[in-house]
Structures are given as C-alpha cells and as structure tokens.
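Got a structure for you, questions after.
When the chains are written out, they are named A, B and C in that same order, and each has its own residue count from 1.
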Amino acid sequence: MLNNSVESEQKMSEFVKTLDENGPIIQAKGVEVYYGEKQALFGIDIDFQKHQVTSLIGPSGCGKSTFLRCINRMNDLVDIAKVKGQVIIENQDIYSKDVDVVALRAHVGMVFQKPNPFPKSIYDNVAYGPRIHKTVSSKDEMDYVVEHSLKRAGLWEEVKDRLHEQGTGLSGGQQQRLCIARAIAIEPKVILMDEPCSALDPIATAVVEELIDELRERFTIIIVTHSMQQAARVSQKTAFFHLGNLVEHGDTDQIFTNPQDDRTENYITGRIG
Amino acid sequence: MTNPFSTEAAGLQGRHTSERIFKLSGLAAIIFAIGFLAIMVGSIAWTGSGALRESVIKLTVDLGPENVDPSDVDGASYRTIVRDALKASFPDVKSRKDRRKLYGLLSPDAALELKQYVSNNPDAVGQIVDVWLLASDDADIYLKGGVDTSLEESQRKFSDAEVAWVDLLTANGQTKRQFNKRFFTNGDSREPELAGILSSLVGSALTLVICFVISFPMGVGAAIYLEEFAKKNRLSEFFEVNINNLAAVPSIVFGLLGLAIFLNFFGFPRSSPLVGGMVLALMTLPTIIIASRASLRAVPPSIREAALGIGASRIQTTFHHVAPLALPGMLTGAIVGMARALGETAPLLMIGMVAFIADVPKGFLDSATALPVQIFLWADAPQRGFLEKTSAAIIVLLLFLVLMNLLAVVLRRKFERRF
Amino acid sequence: MNKDAHIVTSFDNDLKTVETLVLEMAGLVEAQVNDCVTCLLKQDLELVESIRASDKRVDQLETEIGDMAIRILVQRQPMAQDLRAVVVALKMVSNLERIGDYAKNVAKRASVVTELTPLGSSNETISRMSEIVQDMIRGVVDSYVARDKDMADHWRHKDEDVDLIHNTLFRELLTYMMENPRNITSCMHLLFIAKNFERMGDHTTNIAEQVHYMVSGALPDDDRAKSDLTSSITVDLDE
C-alpha cells in the first residue's frame, strides 16, 4: 500500500513535469523583419517546445537564418534591420523595452556556421561566458564548470591534457564542439545553431549530431540546416521557410515523408517548383 | 604521328611570347629599382663611412712644471702646450702666417683633449709624453686622400706647406686614423671634425616618444570608435572622408598649424621635442587611424558574433576580443606612421627645430633638433668635412628606420594570433 | 500528386526506369494470371511452360527493381513522394512476385484437375473468381500508373467479392467431399486453386493500399470488410 502511494506520487510529479516540459518555451507571433525597404520575413507564427530539436529548413535567402537571429536579437547588430511582432520566451517578449540584450543572450546561446573559437586557450574559451556573466565565484568552481561543459560537449577526453593550448589549434569538429561547450557553459535555456555542421566532415558531423541529441535533454535547440538528411536525423519538429514565409511546420517524420504543401514537397524532393 | 599537345599544334607561340615578355619586363623593373637603391645607399655609405674614421696626430708635449702647475692642473694653458709641441716638431716654420697654418693642422679641440688626457692620467704631469691629438678637418680630408695635389695650389684650400708638414708627420709615423667615437657622442659643432649626431638623435627620439604617446592612443581610440561603435551615417562618412584627406595634407601645413597653435597660441617652448612631437602626432594621426581601422576590419566578424552570442556587451567584445586581435596591425600602422614622422623635416622647420643645437637635449622642453633637420643643416654647411658627416647621418637615419620597421615585424610576429 | 521535374534530371530518369520496370513486371504477372486461367478453364496445358518461362523473367525483374531502388536510396536519398514511390515499388514487386507464384501454382494444378471429373458448378465459380482477380490486378496497376488513389480504393474493395466467392466455394467443396470421399482429390486441388486466387486478391489489395500510400502519404484508414470466413467455417457431419 505504502509503496503504491509513493509510486503514484512519483508518477504524478513526473506527469506534472512532462506537462511543464511540453509547454512551448518560445512563441513567435507575427514576426516581420525588414532590411531597410526590403521585407525579409512575413508574419512568422511558430511555437517551439521545450526539450525538442526544431530544424528550420528552406532555400538560401528564405529567411530561416534571419528568423533564428531574431530569437537572440542578433539582428540588432545590423543597423538597417527592423523587427516587428513578438518573440516570447518564457512569457517575456524579448523585444519589449525592458529587456537587456546582454541578459537575453545569456539565456539564448548560439553556435555559428563556421567554428569560431576565440584565439585563446581552450579553458578560457569555455570560461569566458561564466566570467563575464559572473555566474561563478571561485577558481575551483570555474574549473568545475569548464570540465562539466567540455564533458557535456563530448570534448573533455580529447582536450583534458591540453586545456591551456589554443582553441584554434583543434580540428574543425573539435572547434565546433568547443563552441558548443562555450555556449552551454552559461546554462542557456535555448541553443540556436546556424548550420553548425556545414563546415565539418561527415564524421565530425555525426559526432555533433549525436551531441545535439544528447543536449536535447537539457536544452531546447533550434537548428538551421541546409541538409535535409540532417534535419530528418536530429530534429523532432521541422519548419520549412520559403521566400520569407513559414510554409509548413510539423513533425519531422511527417514533413519528410508526406509534406502537405507543394512548395515543401518541391523543396525537399529537389524539384523545380 | 603528330603530337597533339605540341606548342605549334595549338598555336600557342604568341601567347608564350607575350608571357615571357611580361615576365622579363617585370624582372627588369625590379632589377632597375634595386639597382638604383643599391647605387644610392652604396654611394651614401661609401661617403659616410669616412665619417666613422678620424685622423689623429701624435705630438710630444711637455707637461713639465713650467707648463703645468701640478697644484693647478686645470689652470694650465694647454693651447700653448699644444702649439709649442707643434712648433717643436717643425722648428723651421717661422712666420706668423705659416705658424697659424701649422696650428690649423690640429683641431681647435686638441687643447681640450690634452686637458682631458691630463686629468685622466695625473701621473703624466711633470713629464714629457707622446699624445695623439685630433687633426683638423682639412688635415683629416688630406689624410683620407680627399685633396687632389695635382691641382694648382691656389685652387685648393690645403696648401703645399701643409701637405709637406702632414707628409712629414706621416713619414715619422705621427699620423694615424682611428674610429670616430665623437660622431656618436658629440652634439653639433661648427667644426666638422667635432660635429656629432647625438643631440639630433636624442632630439628625434624624444620627439618620437611624444608623437607616439599622443598619436597612438588617440588614433587607436578614434579607429575603434569609428569602426565598432559609430553608426554608419552621413556624419561618420564625413569624418571618414576627412581623415583620408588629412593623411594626404602636405606636412608643412601641419608645421604651420603647429606654429600658429602650439607656439603662438598656447605658447609652448619653441624648438622643443614636445611641440615637434605634437606636430608630428597631428601628421601621423590619420595614418594610424586608417591603419587601425583596416586591421579592425580584418578581424573576422565571426569573433564578434561569438562574443556577442554568449552575451558579451559591445565594449567587452571590442576590448576582450577584437582589439587584441587587431593590435599587431595597429602597432605596425603606428610604427610605419612613426617612421614617416621620423623622416619629416618640413613641419619641424616651421616650429624652430632647425636651430644650431650643440647640447644634447635633456628633456622634452629643451631646445632640440632632429635627425633629418641635422642632415639638412650639414648638407647646407660650407665646410667640406660636413660632406661625409651628412652621409653618415643619413646612414644613421636609415638604420633608425630599419630598426623601427624591424620592431614592427617583431611585434607583429609576437602578437599575431591566427583565427 | 506533384509531377514537376527534378532539378537533377537523372533522378527523374531513375524513377521513371523503376516505374517502367514495375509496369513490365506487372504486365508479365498479369499475363501469367491470364494464362493460368486459360490453362485451367480451357485445358491448354502448353501454357504451363510459358508461365514457367516468364516466371524467370519476373524473378529477374524483382532483383533488378530491388537493386535499382537501393541505388536510388543511396544516391538520391529521396524524400516525400520520391521516397514513397521507391519504397512502394519495392513492396509492389514482392507482392507481384507472389501473385506470379500463385499463378504458376494454379497452372501446375490445372494439369491434374483436367484429368478429374468436374464437380458441380465449381468450375464456373472459380472462373468467376479469377475474372474478378484479373480485373483487380489490371485496375490496381492502372491506378498505379494514373497515381489515382480513389481508383486503387475501388479495386481494393473488390477483394470482398473474391472472399465471398471463396467462402461459397469452400462450403461447396466441403460438401462434395463429405458426400463422396472419391471427390477429395479433385476437391483438394480445386480448394488450393481457389485459395491461390484468394491470395492473389489479397496481394492485389496490398498493392492497392501501397498505391494509396504512395499517392496520399497515408495508408487507407477505413478497415476493409474482412470477408474471408474460411478459417472458421465448419461443417457439421450430423447435418
């Protein structure tokens, strides 16, 4: 009896947790982006679920990277870019006046197309985020954060003996994992990845994909990719962008076997639409 | 069986010929340029190398008690002692005119040298000793073979009598040439054999220090602001155009500006390295700004994105990541600008750094001159002895420049990080 | 279904080739079924050899299409409708091959059956059954060519008729066997022949479902009425 009630309580709390985890963490509502006179995104409405990998696919210039950069406001850096609409992360519109971009980016990490470690030591690369955000207080704690982040990025075994060598001396795949370690060192809620494997060889790509799958347990991941096979492999949800519009968004399995929109079909099957 | 890949088959003869001609003309241009450089530097070095040697004459001087009072060594008339020694060497020279010529074989500084010798060797007092004393510039030139004795006597400055005296001294082993230390330790002088480069060298160094201290932080700061922070609009474009224009303004205009503002308006001391450095800083600033901006632009945007992407603020991004990567380029730009400033004469003329400065400047506010101005002054001087000094000063200036460029290369190598 | 051309022309050619091969195979199988019916009803035993011969070609085509499909999967990594087309082709050929096997089996039994006395209306019943199956195969292949899922559904539902006839025949033959044990030999053969046709109908149904999937991306969601009751039919001896 006693056992049973404990068990049921556990089940209940797990159930509550899943409920919580299944809610959308990011909601985009009517996002429009203008580069000067040119409109790059047209009213994007999309929800991203917690602990899921969502792929954004679409032809070049379709606005998927632009949209990705709306989520951590990297578009702010482009003088002529203007963003309309709302991006709500955990009930907070990140485009409202009282949001500090620096604080936002501590919660929304980003990994870029080309591995871009700082030309500093491996240790300093990972430690940089916690250091500027002052999330760790002691050297020991920092050592732990660095080790832990590198472990989660699957890089620890490869670099533990040369933490103080240049991060730029690693191979391309290792550099990209170092960038991922750097991003997760500040414990973001969301990790944005902009074609993270496009500069990597297939083996390094496989390692990064495996890593993405593991990271899903702790982070919500949004990944822009040109490889549909990759999107099909790593993501649970897929969104197809075309000419600045979100054409289709749904389960990855469905998008790749039975897309509903002709534009999606033409794109993923390589047809002249 | 014809070869389908032969030159004739494809009609490639003409194309190969034009390629050869282009290569040859390129090579010729380079050889031409290097040849000219070699001739220029070679001839300067050849002339200048003379300045590194000085002629000395050995005289037997009497430091006996009638000449030098052991209790007042400094009070003795060394000038007379030297002249007596000369007289003793050539007893048959009697007339006043000839004697004055005879004294002219030695530098006016010879007496001072003897005094120096005595104070260094107090034991010599009261004895008759042999000392080597500096020859005058005319004798020096003759000893270095710079006098054409086949000319008529009236056509040259060095008379037959002097030739005979010097020849006699040489025959007796009383002349020799030695390394000219004075050139590096003396300031300017009216006497070519005494003139040295130290004062202008120090003047240049002090000027450059001021120039660097002012222009580097300002230039780098301006570049960082313009490149990383300023919004791209009409105003920043206006600044950009103006900075580029400033880089092309003739340097004399900066001299005039310095004269009008620093000297006349602010009343800073005339001909001081401080004002010289400030004027040169104005001149160097655009160069540094342009070079720094270029090296900032060369930092890949991915580094900025990486830093901003993990939540670094703009200023953190700039000073933690971008500026350190751009630093080697900035330093190189600054040193190239400095090197240009080092060679500048015109603006310094305007602010009075052209004066005759015999003393080595001790501070930024002392009167000073600079290397290129010194060269200008010596080149202008009438005495023949200054000819080789001019060349030697040019060599020193060139070495200074090479050193600075070397420094630039070393700094770039040391700080350059690959990304 | 989208029929726009691929950017990579050779991809289009590959898919076309697969379709052509599948159609060739379907044609052969169709002919086999027709031949086995002729063989059975008209006692034209020479056709048995021709069925055997074309069965070789059918097997060969099955391998060929399988290889081709695998090559397409490796080279093109097809997505969506292309992926479905390739996968469906793979499944179709194994179904077609099975149909061909059944036809061969029918033809083989035909030589035995012709020597036996015909039993009641069983020949007519089998003839009716084979007609429906032939129509089904033709119709389903047509729906494959036309990429028409409604047509495929229509022919899929025809299998119900085949099952009903099979049930009837099963009962009938069971009765003959009980009446006179001498009938058992021919009854057994007829029963297997009927069973073969029933299986052909089932495989054709599978193909129809695949066509439906290929066109729409989903399997038909309605449950087809299962009318084959033979597995539960009993005949009371005391009757």
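Convention: a contact is a pair of C-beta atoms (placed from the backbone, for glycine too) under 8 Å apart; a residue touches a chain by one contact, two chains touch by 3 or more.
As the structure is a computational prediction, the values presented were derived from the model and not from experiment.
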| item | value |
| --- | --- |
| Two chains sharing the most contacts, counting C-beta pairs only | A-B |
| Identifier of the chain whose CA centre is least distant from the whole-structure CA centre | A |
| Rounded Å distance between chain A and chain B, as computed from the means of their C-alpha atoms | 60 |
| Length of the line joining the C-alpha centres of chain A and chain C, rounded to whole Å | 50 |
| CA centroid of chain B to CA centroid of chain C, Å | 102 |
| Contacts with 2+ other chains: residues of chain A | none |
| In the complex, chain C residues that touch chain A | 2, 4-8, 11, 76-84, 216-218 |
| Touching residues (chain side chain B, partner chain A) in the complex | 231-232, 300, 302-313, 316, 320-321, 325, 417-419 |
| Footprint of chain C on chain A - complex, ascending | 228-229, 232, 256-259, 262, 264-266, 268-273 |
| Chain A - residues contacting chain B, complex | 72, 74, 77, 79, 102-106, 109-110, 112, 114, 116-119, 128-129, 132-133, 166, 168, 179, 182-183, 186 |
